[in-house]
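Have a look at the structure that comes next, please.
Chain lettering (A, B and C) follows the sequence in which the chains are written, and residue indices restart at 1 in each chain.
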Amino acid sequence: MTEAVAAVEIDGVTKRFGDVVAVDNVDLAIDDGEFFALLGPSGCGKTTTLRMIAGLDLPTTGSLRIFGEEVGMAPPDRRPVNTVFQAYALFPHMSVRQNIEFGLRMRRVKGPELSQRVAEAIAMVRLAGMEDRRPDQLSGGQQQRVALARALVNQPKVLLLDEPLGALDLKLRQEMQQELKALQRTVGITFVFVTHDQEEALAMSERIGVMSEGRLLQVGTPREIYETPASRFVADFIGRTNLLEASVESAGAVRLANGARIEAETSMAAGSEVAVSLRPERARLQPRGAASAEGSSLDGDVRDITYLGHAVVYEVAVGPMSVEVRSEGEVGQPFAVGDEVTVNWDRGAAAVVAD
Amino acid sequence: MQPANRPPASTGASGEEAAEVAKRRQGMLLASPGSLYLLIFFVVPLALISVYSFATRTSTGRTSLSGWNVESYRAIGDDVIVGIIGRSAWLATLTTALCLAVGYPFAYYIATRPRHLRAVLLVLVMIPFWTNGLVRVFAIRFLLGSNGPASALSESMGFGTFRILFTPTAVTIGMVYSFLTLMVLPLYVALERMDWSLTEAARDLYASGSKAFWKVTLPLTKSGIVAGSVLVFVPSFGSYVVPDILGGAKTLLVGSYIARQFRDARNYPLGAALSVLLIVAMLVAVALNQRSGSGADSGDRPRRRGRGRAHAEPEPVAAP
Amino acid sequence: MTGTVETGLGQRTRRLLAAWAWVVFAFLYVPIVVLVVFSFNASARVNIWGGFSLAWYGEALSNEVITSAIRVSLIVAAVSTAVSVVLGTAVALALDRYRFKGRRALDGTIYLPIVIPDITMAVMLLVFFAEAFKFIDSFGPRFTLGISTVALSHIAFNISFVCVVVRARLDQFDRTLEEAARDLYATGWQTFRRVTLPLIMPGIAAGGLLALTLSLDDVVISAFVAGPGSTTLPVYVFSSIRRGVTPELNAISTLMLTASITLVLGALALQRRRASASQQTQVL
């Protein structure tokens, strides 16, 4: 693929509200046709970033380009993007059809083109027959689809989605995840969506940008983000993990706080304070002494067992530390509380992360 | 459960029924003192005034309760009275329109301030609202009088004294001054409830700032506009104190005219008939408001942002 | 974030809005302030500033007609507020949570005194008292218009206002709190006394404050149902204004202003203290 121009290019953008820095010097390029997630906890600046792309907030400093065109200071009605709002922001005094027509009418689209595009949008989100209802006569899932149609009917170059599934219950949310992915493949445009739900981000997007306290910490594919987190925050925020305090001994080994030496790849200088991120499902539990020589291991005692049906979670006390081990497909009841065990994992299963 | 509930009388098959009867009795008991009072001091007077409107005025100015007729209602068709009613309706309409024009941007400004500032500004609005109405009208009278401070100021600046008092203009100013807060408060409530993500959505869908206002904000605050208009129109139309203090002979309004029938003119039946007319007019206005209000409820209820699941709370864009 | 709600208006429109708001505030406050300032004017001519003086206050307060009017106003306000708070709250409770015969009729009637213009309420009551006295007089005792007819009339409109305010509070009342109290062994009465009443108390207090203000404010109805010697302060002021503007009137008006503003600010302070935990600033 040739170096195409990015769908959204954010260059050194900072947004301040009074004394509060909501977005702190963010650089980000989102490719054409990409399904991109901005992920982070409440107040991390992800929504503000989205709103700046939409033009609903203007950046304090920095540059923002959509398909190469500088739009940083343009009002929202002059940008080739549309938004699916959190809780949808459907106009309550208008019917489904009037809601969907709104953007086209504002751009003076009339006559057969208007009705044809609206009909297509309604068909696309499977809302035929609902055109004359008011938003409050629709279910949550239907409202969500109206919001999608209302944005997509304008044929934006980029679709922005602000916590699009947050207001739906779990089952509907999983359905809509699939639907949104399918929809994005159909229309082929860039989707940028904001979520605080890491599972949703992993399941839906091609790439994820993780934010915290206004900063963009890491951008990568779901696999990169999960398996090689760049920092302690990312490791902790994405999925469950054990973070073991350690310091670097050499390029191939770190020493844990309890003195144990562990083999792990790191490029950080010897002596650096780091943490070892060990995913619970990557660790194995074995009776003490039966450990294989492969990889690394820690000795401890089983302190607690939680049965989840498809998995069993063990909490293992390793000195003052506590390590969670998740075991799936276990047969019988191999361990009990108080058992002396060894936690063991393959080389490369644990990642060394900076603070 | 209910307050002052008695212990259940029995627990048999009729227990539920007995509890129902006891509850009914309890409700009656609670309501009866107030109802009785309202019956004697409101419903009976209302009935009496209706009866009086069909009575005859004797040559001595007394009211004869025999010989029912609709003379008083016929008299309302008289040119003078039609003129008075027309003038009252016109001034009330003008007052309502001015209050809306003045109050909407004002309420809009207050409703869109930061929360703490909003509270302070609201208190500043509430103070005149709670302040003695007569004193406020007097303040206008004092200010606008031909020997008052405003006149003195204009004289010292070389514009000469101004004679605004005892004109319809003075009455309109006084009514706007008296009733403005009645317009601002429902507008404020409607604007404060407004879900501004809707105007953002309109902007996102290519509406300009003013288009977004006319297409989204204004329709969604219709309930406040209607409620405020009724709240201003009703007391303006029946106003007695304001025209009496600020108006002159040319601004005789229906309220003062009714008062006159019960004081100097001693034509109780005519006054009663006008009162009945006024009451009916007000009830119609309020009923219309209620209809449009309930209509707004089904479609125009602004939905608050962030309803729904607990962890779907809107991300605070930035903490204060 | 400044906290200003983003409504999608342009910069210029926003500036105009702000300027307009302050113009309106000036419109609301300038007449009152001018009135207060001139009440301290030493000159007897209302348009010339003759230096600071409290003379008009002295004059007003040594006028026996005025002090008597103040006394009447306070008595009427106190009595009508007390009675209408009790009756109005009871009606609000009954309408909110019971079904009984005549409920619909009561529900409709309770709003009427709020809706109909003062002047019609005034003439209605005037006619009513005239007829009632005629009727009672035929049995012997003689009644005339006086302080009691004023108080009775004020109660008649205040019940409705208290009822509406309390009902608004009951409307947002979370009934599960009462169920929780019953679940925790409270009797019906205890539940009312310990849970319901404290929670609707702000509504009752607001209703009472409204009743007090309306009673102290009323001029039209009082003017019609007051007899000789039972003139309220607003009625006195009203009839004096018709005779002409005097600095003494400025002084009395300022006293009345001070009273109502003190009432509002006191109520707000009380509310703020009570609501400081829930940080809701709700007036009325």
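By our rule, a contact is a pair of C-beta atoms (placed from the backbone, for glycine too) under 8 Å apart; a residue touches a chain by one contact, two chains touch by 3 or more.
In this text the structure is predicted, and so the values were computed from the model without any measurement.
Across the two interfaces under comparison, A-B and B-C, the one joined by more C-beta contacts turns out to be B-C. The most distant chain from chain A, with centres taken as the mean of CA atoms, is C.
Put simply, the chain nearest the middle, going by average C-alpha positions, is B.
Each chain gets a centre from the mean of its Cα atoms; for chain A and chain C, those two points are 57 Å apart.
Mean C-alpha position of chain A lies 53 Å from that of chain B. Centre to centre, using the average C-alpha position, chain B and chain C are separated by 15 Å.
Listed for chain C are residues 1-2, 6, 8, each touching two or more other chains. Counting partner chains per residue, chain A shows two or more touched chains at residues 17, 20, 22, 56-57, 76. For chain B, residues that reach two or more other chains under the stated contact definition are 200, 202-203, 209, 317-318, 320. Residues of chain B that touch chain A in their complex: 195, 197-198, 200-209, 211, 215-216, 219-220, 298-303, 305-309, 311-320. Across the complex, chain B meets chain C through its residues 1-7, 23-28, 30-31, 33-35, 37-38, 41-46, 48-49, 52, 102-103, 105-106, 108-117, 119, 121-128, 130-136, 138-143, 145, 147-149, 151-152, 177, 180-181, 196, 199-200, 202-203, 209, 212-213, 217, 234-235, 237-241, 244-245, 255, 258-259, 262, 268, 271-272, 275, 278-279, 282-283, 286, 317-318, 320. Interface residues of chain A, counted against chain B in their complex, comprise 17, 20, 22, 42-44, 46-48, 51, 54-57, 75-77, 81-83, 85-87, 89-93, 102-103, 106-107, 134-136, 140, 150-151, 154, 163, 166-169, 194, 196.
On the side of chain C, the complex with chain B involves touching residues 1-10, 13, 16-18, 20-21, 24-25, 27-32, 34-35, 38, 45-48, 86-88, 90-91, 93-95, 97-103, 106, 109-113, 115-120, 122-128, 131, 152-153, 155-156, 159-160, 163, 178-179, 182, 187-189, 191-192, 196-197, 213, 216-217, 219-220, 224, 234, 237-238, 241-242, 245, 249-250, 253, 256-257, 259-261, 263-265, 268, 281, 283-284.
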